[in-house]
Structures are given as structure tokens and as C-alpha cells.
Amino acid sequence: MIAPLRSARVVAGLLIVLLMLVCALGAPWLASHDPDEQDLVAMLLPAVWQQGGDWAHLLGTDGLGRDVASRLLYGARVAMLVAGTASLGAAVVGASLAYVAGYLGGWVDWVIGRAIDVWMSFPPVILSLILMTGLGTGARNVILAIVLVDWTRFCRVLRAEVIVTAHRDYVTAARLSGFSHVRTVLREIVPATVPLLVTVLTLEMGIAVVVEAILSFVGLGVKSSQIAWGQMIADGRDAVYQAPLALLAPVGAIFLAVAGFNLLGDGLRRSLDVRMVEGRE
Amino acid sequence: MVEVSRRHVLQAAAIAPLARGVPVWAAEPDGVTIGWPSDVTSWDPNQRFTPDAHAIMKAVFDQPLDQDAKLKLSPGLITKWDMAADAKSLTLDFRDDVLFHDGSKMTAADFRWTFFERIKAGHKVDIAQSMRKVTDIEVVSPTRAIMRFDSPAPTVPVWLAFLGSFLVPKAYMEKVGVEEFARKPVGTGPYKLVEHQMNARIVLERNEAYWGPKPKMKRVTIEIIKDPSARVAAVQSGQVDITINVPVRELTRLKALPGLATDLTPVTKVILLQVRNDEGFADQNIRLAAHHAIDKKALSAAFYAGAAVPLAVLGVPGSPGYLDDYKFDFDPERARALLAKSGYSMDKPAKIRMASTNGQFPSDYDIARAIVQMWKKVGIEADLEVIEYAKYFELNRGNKLPETTLYTFDNATGDPEIYTGYLLNPKLPFSPWKDMNFGQKVIDQFNVADETARIAGWRALNREASEMGAAMPLLQSVLTVVRKKGLAVVPYGNGWILPQAMAWG
Amino acid sequence: MILWATLGRRLVTAVPILCVVSVLLFTALRVLPVDPAAMSMPPNATKEEIEAARREMGLDRPLPEQYGLWLGRAMRGDFGRSIHHRRDAGALVRETLPGTIELALAAMAVSSVLGLGGGLLLFGLRERTMEPVAETVTTLMMSVPEFLWALLFIFVFGVALQAMPFTGRLDPGMKLPGLTGFLVLDAVLTGRLDILWSALVHLVLPAVALGLAFAPPIMRVLRASLIDTYHEDYIRQARLRGVSEGRILIRHALKNAVLPTLTLMGVQFGFLFGGSLLVEVIYSYPGMGNLMVDAVRNADLPIIQVVGLTYCVVVLVINSVVDGLYLVLNPRLRPR
Amino acid sequence: MTLLVARRLTVSTVLGGMRAPVIRGLDLSLAPGKMLGLVGESGAGKSMIGRAIAQVMPAGFAVTGGLLEFDGRDLVGMPAAARRSLLGRDIAFIPQEPLTALNPVLTVGAQMEEHFSHLGVNTRAERLARAIAALEAVHLRDAADLLARYPHQLSGGMCQRVLIAMAFASRPRLVIADEPTTALDVTIQARIVSLMAELQRRDGTAVLFITHDLRLAGRICDEVAVLYGGSVIEQGPARQVLETPLHPYTRCLQLANPALSGARRGLYALPDQMPGLRALAGMQGCHFAPRCPLAGDECRVRMPDLAGETRRVACWQPDLTAGIGAGPAPPAVGVRTSGVKLVEVRGLGKIFRTGSVFRRRQTRAVIDVDFDIAAGEFVAVVGESGSGKSTLGRLLMGLERPSSGTIRLDGRIVSVPGEAARRHRIRTAQMVFQDPQSALNPRRRVADIITAALEAAGADRATRAMRASALLAEMGLAPEIGGRTPSQLSGGQRQRVNIARAVCLVPKLLVADEIVSGLDVSIQAQLLALLQRLRRDHAFAMLFISHDLSVVRHLCDRVLVMYQGAIVEQGPVEQVFARPLHAYTRSLLAAA
């Protein structure tokens, strides 16, 4: 497990992800203001380096006089929470089905394969919108929606890998050695697919950040009382002329977070010698 | 770097339309392009009450009755109306010089079709509700009709000037059917619909055969731009000549740009919090605390450049029901004290739910969020939910509105009856306040005949409503307009921006 | 012909998929805490009137029966009436779909050109010093989803440079020919070059924003499959026959390497079609995406249903087309 | 006069910062019209020579010394364009894997047309005519129809014929054939070889025939050069080299090959394997010395040169070579069989159903098969690919469910579903897989792999460790191998590990599917010796699936001949091989 650390991408990605985690976990200490604290006389202040900027508001304030930098930090919490739990959830659901389908084959595989077909005929954005319509807003529902939409990503990619592995003679040999099906899967197939799983998981985290931002942007994401980058973008759009940073800062934060996960995933893919998986494939 | 780009924006704004291979967006001298925040969902004007589309409807169709500048009923297609003493019949005289866009003549038969036959034929029209009491419309001659009611209906003339009351041609509609009519409407209004591309554009052309004053603009293009920042960009780049409902804070910036003018007009619309009389707001102390905790002046300053007048009662300054001498103070201390009386504090906040629209009127969502913060500081924790305007009635009908909802109410007439009488009438769909003690007083007030007593009664009820926390009026709404300097618009007190009232000066 | 047989088979498999999708959509949306009947009535409607409307809409019947009812009507092309727009839902989709398809096709073109071109470029850079730089750039590009591109483009080209229009599909004041709904096509058919130009200019930012987001994976897959292909025996054998390098790339390698790329593009274009929704919202582009977002906000069930279904149909069509193309390009799938 | 000349040719790569030669100081010459066999085991560098001629080498490899000339022109320094005009025209290549050497997305016609266009045939009509003529020259029927087909629609043999047709289309002066028959079935191999010989005679082409099969090279080539560790160690007229090898390595190779006819003899099993590039780079003296049974002190210090006139050999003491004798005498066949029936198969059939709902397809892989295996008996199954022999093995192991018939193992019917039958089956029978690459989990240590059965049975760590070291010793593997992962092992070592796992709990029956195919002869001889020793020690029976008749003859007691899913002939090996009754058996034997 040391080998990946020699990849510059992995290190860069890890650093960014760590930075995001520090921001998320340390937001209460790092933030200079209460992120919800409004100041109706200090709205749309410029950033510190701009004319009229003030050290009190590093990145200026938004349309309600809230500190953009502090909101950015707190926004990382939802982003990281959703990225972590949603992708893990999707991985658990998708991978379990992939192992079952790929190993057992037959009608089980057929049913799961058709389920994937049905899911794949829905563009993810549309499906998550519809799900959120049904589920209602809130971080928990965003996570649920992402799990319900993106399990197919894991299932599709892993299922192919499981089928390849399951056809290896050493899997047959394990059965012939007297192992049960469950032990065979756990012993021979799961370890072979872990690098792929980790890679897809990492890339999925980036996707989850984007999906959460998209949903919050159209107002179907987290609750309005929660601080999310997507909402900051939606808010910042109204004042793009007065305070462009209120829009650009969350855009940059999303980009950085996604880039972190992508660099990490990409680096892992290379150093763990996983076959090609593309970001949104 | 951002500073540089902003300066660049300003410079570029001036030259953009001239330079580069960008299509030229400047309008023709007798045409105008309007950036409009909402689309017309259906061209059947009777179908639905849509305040947003009312101005556009008024360009294509005419109402039987109109309102003058002082918002009093005035002749429209109807020249004379005469309500019987028992208020069970209404005699109407029509103009005889009105042509529909297809060239056919408008007669009383069209009136009967619109307000009676359509409803009986089962067309899904909202005016069916306002014309519920109509038993028949008797066509005496092409220019005279008599409406008959099953019970006294003194408000029918008002309804004839209300949303959704537009005259449609019987012959044409019967020929093409409702669906087709909704696509290719024919009215009597000053403009004809030339083209409508959903969610994008409406193109109107002057009706040269119009019976009334001829509009100045030959061609009116309405660009549907729902996003406020996009509307700002559009007017700034010259894509549109005029737009409305832009965030007030943009006005200051846009005013400074060469070639642009801005208007900020107070209108008859009130911004208020509608409240329930139960659940988290069952306790009057909490309601009053919530009201006292809101710094209306700060809201006005922050979101309406101070132009929106803070209100103490339901009504706008200058309207008969308004109480100039009554104040409802911004007093967080008092709010805290009231909450303490009911056992709540910052540490143990009272919990309520709140709803707001987002984009229905300028800065609505921001105001809601600002209020949530103001409440937080006194010990009220509000869970804010965004709803669509259309959902308000549905939720209210099911008694599912939260404790409080940020709401605007447009009263083009300014009459107190249509403020408090509507907003706090438990029998009408507007009010989540279902308490019949106060509600009965409101309903009874409708029957007061004497004008002085009527106004006095409403004023008393206005005061009572505020004092008991049944209503939380916030601000008088303002209309924001950004237009090219050369474009003149006649201002309407109720905020209408009518194409027929525009001219290049 | 085999191509038609495969497309036919695709369509046959698409029917059950659509059925399942429609059932899922139907049940999912019935769980919603909204009352379509109440929403379709004016504010001052009475309870009895709403009850009548509910009966008329069939909402009082059991769910399977409601579905049967809906399906029966849908078969006849009647998808119900929009609650919000008070119009035939199918007609609304027919009006907005061409715009979305036009945008998606333009974005697919952008995405294909950038993806394939970029893939060739990346391949050309293999084992050069620039390679890690180029790859990092693609990784970073992959980190910008379509809605960020869209916002950035508005900010840069619309707001800061004022070089490009970024709302709608046409300049104000231009009359839409209105033949097919595909503006570019209509403009060409009617010979209106001004409209053609305006439509194209309006298409640039949204299409590039959308296309750009889906190009990097195509680049990388093409590069990877080209590298794989160059390890194949037949490439070496062609070299051993004295075939020139240029010919090897174009005639031997690209034809093979494009196959995995095509598979990816099929999936990508399905996603791209969904991604058009956000771009439409951001660019106030009148298309199905805006219709959908409106419908979602207004809980306009008939619209959500038919729009959701339409997205599926289009994705299935895209997949079928890609499958067909794959078949044309890949003789191995033909029978022995 | 010589057409192709290599003088002190050295091809190197860089390994761990050090230059490692793959071919060192190679001397070769090939006269026009002659056929030179280049023989060697894997790693000898034989394919690299062909690649060097075309200068199409894997990344990192380059000619670092010496001279390589074709018709007096320097092939290495020549401009690429000039070389390209030689390739396909004067120098043609026939590849090892015909199925992958044709572009799958282009029709045969398109590829042949391209070739003729390269050869300067300008009109399409003429190109097509030439293509048809070329295909007819390699005895392909319906040539015109063939042009419209894609490679996947052809069999391996047909593809190879197409490639041969293209190679000889320009009447080249030199054809380089790199293991052209290895990927093909036995019966087809013979036909391809004779086709090449025919065309070579027709055009007077010189052929460089690269192969691992000494016997094959000896049969068809004019001259043979034997490679070891990147250099030629013996060269001479083919028959002479085959019959009286001068180099100990050649002699050992010859003795490691089991004979198909004549008296059964022991195999000479060379120890270890050819050293890797890194080891060779640092080696002094004769590269073969570490494995040579005759190596003396001088051999280990000084590298001998290739010396001699018509017979050339690189050895300090070639006169001793003839003294190397065959290995220990083979075990007497059939003696150990007890007559107790271990396996009884009756009416066994297997039908595979494939295809979609729309187009069901059935393949009858095994048809109504009856046979027995006695305890301790080695039974071979032979047949070409697709004859159902692997399926038979998998049926026996319960890896496929029979469509009909019964299998009785050690007195109990195991061809029924259920855990009890499975337990009984895997206790009685174990399987050795064909491809050790696939059969060994790359993530596990060897010791874990070979004691997996103990782990499954719940044995503790100490028991497993003990069994592991015993097994390693038994397989002739060093104890430290137990701590390695499969990727760190050589091919021969992997196959031993593969066998060790199967014999861990000492089953009564081993099913071995092609376990020595694809291995070098010397490794093959080692494994055969190992199997014989294990048989002696444990007295298990074996179902030995193989396509190699000489190996079967060497190892097995009885043989089942399978053809298209059915057993067409069975009996004692010697009897069947000497007097085949079925026509298919006869053709198999004729081709071998």
C-alpha cells in the first residue's frame, strides 16, 4: 500500500482531500465568522485584496452580508459528508450486487443486468432530480438519491471485473479446495477487485460533490438552512456584478474538491494498475 | 484581478453593442424588447388567474371594465354598467366599435360566451369561480346584456376588472377549439400575438384597428428571462430595452451606466408574513415577538435601497385603510421579553416552520433568510422551506402551510376590503388564519354598507390584526424597472408595465 | 440486413425497459405529498369541485388501475394535461424537445471533435516530456462539470468580455420560422441566414460548456485504446509489410481504437443529454430541461412523467444509434 | 553468396541501469533459396533476430553492435523509408499468431489490396486479380469470396494461409517465419509446414524458420542453428545436427523430447532453466555451463567461440557430448494398475446452450461417453481443440453439470447436485490447471496456495506450515519459494506449485488439463519426471488431457481419443498408437 504514495497524483490528490477534510472538520475553529451571521449593512463587500477590502472578510460578503470565506469552509462539511457517505453507500450496494451477479451468473446476473439497463436509460441528473422531487430536500436525501442513482456505476464496472476474475482458474481451484461460495468470493474475488473498487470509490466521491452541488444549485439539494457550495453559487449568481467572488469562490471550491478526488483516483488507478475507468463512465 | 475585470465590464458595456461581430441588439424606433420574468402559460385569458402575465394579457385582450389611475372602475369594453337595487341583476352596455383581431365584431354574445357559456360548457376556467352566482346572461342587443344572479352579487363589476376577466370571441373559439385558441389567441386588445416560443419569447404586433388610443410601439418583443441576473445582463448588453423585477441593489450600479435609466416605484403590493393561528404560532406572545424582532427598516435598506416603506398594518400609505399614526416597533428586547413570558429563550428557542418563494418578487428569498436570522437572535428558530407560488393555495387548502409564509399580495384597487378582507378571511383561499373569532368580524365587515363606517371598521380591524399578531405586514413592495434612457413608460400605481404605455422619447 | 436486425432487437429490448421505467416513474411520483387535483384548480375552488376533479383525473382509483389508465392514454399519445401550464403535456414536450436535441447534438459534436482530437494529441504526446502535463490537464478538465463550465463561460464571455449572447436561442426581434423546431435546420430551410447566424451564436456557449465537460473521458479512452491497439500483432504485422506509419494510424489503428471509444461515447452522450438540463437552466435556453425544472418545482406530475420518459427514450435511441454505428464499424459482431 | 548476414550482432536492452544483451555476438548467414531453422527455448532470443532484421523492436531494445546485412545492404543504418520499401517486398514475415496478425476490422481483401498497392500494383482490378491468384496459390478455395470476409470469419489455419499468401505474394527473397505453426492444431500444423516448403521451392525463397521444436526444424530445414542465451551454440546441416548433436545442450534437448515411435526411453531432464537476461549479463564462461552435465573448469571461465566449417559448435569439449545418456528408465506401463475401478463414466453428455432469447444455439461438447479409470492408472485424453476433452475433465471435477449420464467416483455417484457429492468428489479427485498464470492467485503466497485445502478444512497454521514445506520439498522447490508470490516464480516453478496444490491432501485421482503444453522441452521433461515420481510415491490415478501424443505415449497407460465430443477409440497407448483403428486417430498420428 506504500507504492501509490510514490505517485505525484496520489500525493497531490491526498493533500487536496486532506485540506478539504481539515476545512470541513475544522470549520468551527477556522472560520472567522458565524457562517449564518448576516450583516445587512455590510452586504457584498469586496475581497481583501480588492479596493475597499477588509481583513475582517477575507473573500468579502454575500448578498446577505455573510462572510464568504466562512461559508466556504462550512460548505466543505456538507460536500465532504455527502462525498464520503454517498459514495460508500453506492459502493456497498453496487459492489454487493456486482459480486452476486458476476460470481453466480445465470438469472441473477440477468436480473441485475437488466436493472442496470433500466437505470442507465435515465441520465443521472434527471433521475436524481426525480428522486429528490419524491424524497424532498435535505442532506440525508441527497445521499440517498446519489446511492440510488450511482450504485450502477460500481455495479457495472465491478461486475465486469468480477466476471473476469471469477473465470480465473484459481477461483475454481478454491472451490475444489473445499471453500464455500461465500468464502471463495471473499477470499479470491474480493481482494482482486479492491484496487478497482477503491479507484471507482475515489472518483465517485468527486462525482458526489458535483451532484450535491447541482441539486443544491437548482434548489433540490440540502435544506436551505444548511450551507452548501451549490447554494452559494445560486445565491452568488444574483450579485455576480457586485461581488463576483461570491460566485467564483464556491465554483473554485467545487473544482478543487473534485480535482482532488480525480487526481487521487487517477493516481490510484495507475499505481494499482487498474483497468481504465473514466470519471463519469 | 477581479477588480480589473469589473472595470472592464463597465467599459465594455458601453461599446459592446457597437464593436465586434456580435449581432446588433438595438431595437427599431417603433419597436421595443422587454425582458420579462415569467412566461404566459396559456393564451386562454380566462383560464387561470396569473398576476404575472396580466400585463401581457392586457396587451392582447381587453377587460369588460378597467381601472383608472386612481384604481377606480372605469369603462372598458363596457361603457355603462348598472347594478339592480337587489344586486341580483346587472345591466351592461357595450361599445359597438370593437373588432377582434380576426376582423369580426365584438358583441354582447361574445360577453355571454366568455362569462356564461364557457363555464356551462365545462371549460376549465378560473373565472368560473368568480362568476359562480351567474344564472344567465341575457343578450338584449349586440350592445346590451343583462347578467342575472341567484343571490345578491354586488362585487361582480369588480370581478369584471379582475384577473382573468378578458373577453374572447365566441365564433373563433368555437371554430378552433380551446387548445388551438390557447396557441393562437384572438382578442380585442391593442396588440396581436404574432409568435410565442415557450419559455423564450413572445412577439406582439400593433392592432391597427384598435378601438382605443393607438399604442406607440409597432412591435413588442417580450423575452422571457426568468433569472434576475440574466435579466440584468440582458438589459446591460442591450439585448432588451427594458426589464422589471431586477434586484434593487443592481439599480444603483445600472443607473450609473450610460444610456440606462432606472425606476424604483412603490406599488400597491404589500409584502407580509401570513401566519397561522395554531401550531407553533398558537401563542400570541410568540407571534408578537416574531413581529417585534423584524427590523423592517433594515430589510428595506438592504434589499430595496430604502425605497420600500415599512408597514405596520395591512395596507399601503395613502390607501384608505392605512393607519399613519400606528407604529409597530422593531424591538428585540420586547420580543425576548414576550418569548420569556411563554418560557422561550435563546437557549430554548420556539420552533416554527416558515415558507418563502424564491424569485417570485425581488429578494424574496433573501428577505426570508434575513428574517430567520433576526428571529434567531431573539429565540425563535425557523425552519425555512422554499415553495413555488402556485403551491401556496394548494398547501393552504389542505391546511398544510407552515406557521408563517412570506407572501406578497397585490391589491390593484387599494381598497382595505381587498387587503384585510381577503388576507384574513378564513373563507377565502388566501388566509392561513382560520380563527373564527376574528374571522367572523372580517366576514361581517363585508356587509357594512355605509362608506365611512366601512373604512373605520376596516381600520379598526387592521389595527387589531397587527396587535394580536394575526398579520405581520412588512414592506410596501417596489417595482424596479431598468430601461434605456430614451424609453418612456407611463407608471401605474399598481405596478403594471404595459407595452401600450411605452414610447421612445 | 444485420444492422436493421440489431437496431430492431435494440428496440424490442427497449420496450420492456421503457415499461419498467414508466412504472417506476409512476409509482415514485405518486408517493409525492402533493395533490395534483387540488393543484389544477384555481385558489377559490371549493372542496367539492376539487373532489370532482380528482374523480375525473382518476386519482381515487387504486394505483395499478391509475397506471393502466395512464398507459392506455399514453399509447394513444395522450400524456395528460400539465397542471401548471394547463396544456397538453405531450404538446409541451414536442415544443421543447427540438431545442434540447439541437443543443445536445451541438454539444455532442463539440465533445466528439474535442475528445477525438484531444485523444489523438494525447496519443501523439505519449512518452514525451509533455505527456504528464497533458494528462494532468485532462484530469483537471475532468474535474469541471458542465454546470461550472456554463457559469464560467457566462462570467467570462458574457459578463466580462460581453462577446457572446447567453440567453435563449435567438436574438430578440427575430421571427422563428417554426417548421421543425430545430432552429438551425429551419433557418437553412427558409434561407434565413441572419437567423442561422443568430441561432449558431446562441448555441456556442451552451454547446461548448456541455461538450467540454464530456470530452476528457473520450480523449483518454481514445488514447488508451490507441496505445492498446499499437500493441496488437496486426499493427506489427502491418509494419513488417512495410505499411507507412501514417497509414497504420489512420487505416489500421484508429479504426480499431475507435470502437472502445464509441462504446464510451454512447454512455457519455446519454449523460450529456441529461446534463443539458442544467445548461438550459443556466442559459435560459428554452428546452425540455427548463420544462422539467419548472415541472419539478411546481410538482407538475404529468409533465415530470412525460419528460422523464422522453429523456429515457432519447437515451435509448442514442444507445441504439451508437450500437448500430458500432456494428457498422466492427465486423466482428457480424455472424460468421 | 549469402543473402542475409549477421556478424557479431548484439541487441541489448537496459535493465536496472545496466545494459543487458538479448543477442550477443551472433553470427549467421543465409544463402538464397535455403531454409535455416533457428531453434531455441523461450528466452534464447530467437524472435529478436527477426525483429532486428525489420528494425521493429519493442521499446527499449536496440542493435548495439555488429553488423546485419541483407543483400549487401546494412539493415540497421538504413533510412526508414528504404527499409519500408524492402519490407513486404523483398523481406516478408509470417507471424506466430495468425488470428491476431490480421486486422480484425478490415476484410481480407482490403488488407491484401493494401499490400499489393504497396507492391506497386496500380489498378484495383489487377490488385484483386493478384490477390485471388495469391490465395489460390496457398490452396484456399473460393478465393474471390474469401476477399470479402473478415479475419474472424476464418479459421486459424485459413488465416495463416492468407498471411503466407501475402508473404509470398511479392516473391520475396527472404521470408522470416516466427513459430508459424505453434498456435495451430497438430493436423493443420503439418499442412502449413508443407505449404511453406512448397512455396519456398517454387520461388527459391530463403526462409528463416524460427521454432522451439528441434525435431520439426530438423525435418524441414536445410540448416539449423541452435540458440542459447542469445548466441548460436551449434549450427550445421539440419539432419546432422538432429542426429548427432555436438553441443551438450542440443543433445539434452533431443533427449528431453519423448519419442513417438520406437522404444520408450527415459527423458533427459535438464536442471533449472535458461538464466534470465540479468544473470546472463553478468555471467562469465559458457552460458550453458551451470546446467551442463559435462561442464569442466574451463567452461565456467571462458566463453567458447562458434568454431568449425559446415558443423559449427561453441563448446570446449564437443567430443564428450555423445556420451550424455538418456535419463532413468521409464516406469513399466500398466504394472501398477490395480484393476479396482476408481472412475466409472457412463453415457456422459454435455450440451452447452448459448445465444440470446432470440437465437438459441446448442453445442454438443461431449456425446455419450463411457470409460473407466482404474485406481493408479494414467489415462490420456487426446484430440484437437474443440474435441471436448477439456469439458470432459471439467465434468469429472463437477465444474460443469452433465446433461446426461453418470459419473461414479470411488464407488459413489458424484454427478448429482448437492454438497455431499461435492465433498466426496473433491476429497477423491483434484485438478491441475492448464495455465498457471490463471490458476494461481497473484496476491497469495505460495505456501498459502498449496495448503488451501487444509485451510478450508480448518487446519491450524502450524499444520499448514509443515505440510507446505513437505510439499515444496516433494515438488523439488526450495523452501524459500513458500514465501513468494506467483509472479516471482518461473513458468516451471509455477506449474510445480499448481501441482502441489492438487496433491496437498493426496487425492486418488488427478485431472490434468494440458499441464505441460506451452512449456519448454527441458521444463516439460522435468515436470514429466516429477509426475512419475509422485505416481510412484502416492499411487494416484490421473486423467491426462493433452494434444501432444509423444508426451502421452511417454506418460500414460491408456488413451481415449476424442473427436467432436465423442470417444472414437480407446485402449492401451502402445496398442492404439501402433495400430490405430479409427481414421481420426490415424490422421492424428500421421500429423504428429
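The chains carry the letters A, B, C and D, assigned in the order they are written, with residues numbered from 1 in each.
Criterion: a residue touches a chain if its C-beta (ideal position, glycine included) is under 8 Å from a C-beta of that chain, and two chains touch if they have at least 3 such contacts.
Note that the coordinates shown come from a computational prediction; the quantities given were computed from them, not determined experimentally.
Just to note, of A-B and A-C, the chains joined by more C-beta pairs in contact are A-C. Centre to centre, using the average C-alpha position, chain A and chain B are separated by 43 Å. If you average the CA atoms of chain A and of chain C, the two centres end up 23 Å from each other. If you average the Cα atoms of chain C and of chain D, the two centres end up 52 Å apart.
Centroid to centroid, with C-alpha atoms defining each point, chain B and chain C lie 38 Å apart.
Among all residues of chain C, those that touch two or more other chains are 159, 297, 299.
For chain B, the set of residues touching two or more other chains reads 5, 9, 227.
Residues of chain D in contact with two or more other chains: none. Contacting chain pairs (ordered by label): A-B, A-C, A-D, B-C, C-D. Remark: chain D residues 54, 56, 59, 83-89, 92-93, 95, 97, 100-107, 114-115, 118, 150, 152-153, 163, 166, 358 touch chain C in the complex.
Within the complex formed with chain A, the residues of chain B that make contact are 2-3, 5-6, 9, 227-229, 232, 247, 249-250, 253, 295, 298-299, 301-302, 358, 366, 369-370, 372-373, 376, 383-386. If you check the complex, the residues on chain B that touch chain C are 5, 8-9, 12-13, 16, 20, 22-23, 25, 27-28, 31, 33, 41-42, 44, 47-49, 124, 126, 128-130, 179, 182, 194-195, 197-201, 203, 219, 221, 223-227, 230, 233-234, 237, 239-240, 388, 390-391, 393-394, 397-398, 428-430.
Remark: chain D residues 397, 399, 423, 426, 430-431, 433-435, 438-441, 443, 449, 452-453, 455-457, 501, 504 touch chain A in the complex. Residue ranges of chain C in contact with chain A, taken from their complex: 13-14, 16-18, 20-21, 24-25, 28-29, 31-32, 136, 139-140, 142-145, 147-148, 151-152, 155, 159, 214, 216-217, 220-221, 224, 264, 267-268, 270-271, 273-275, 277-278, 281, 292-293, 296-297, 299, 304, 308, 311-312, 315-316, 319.
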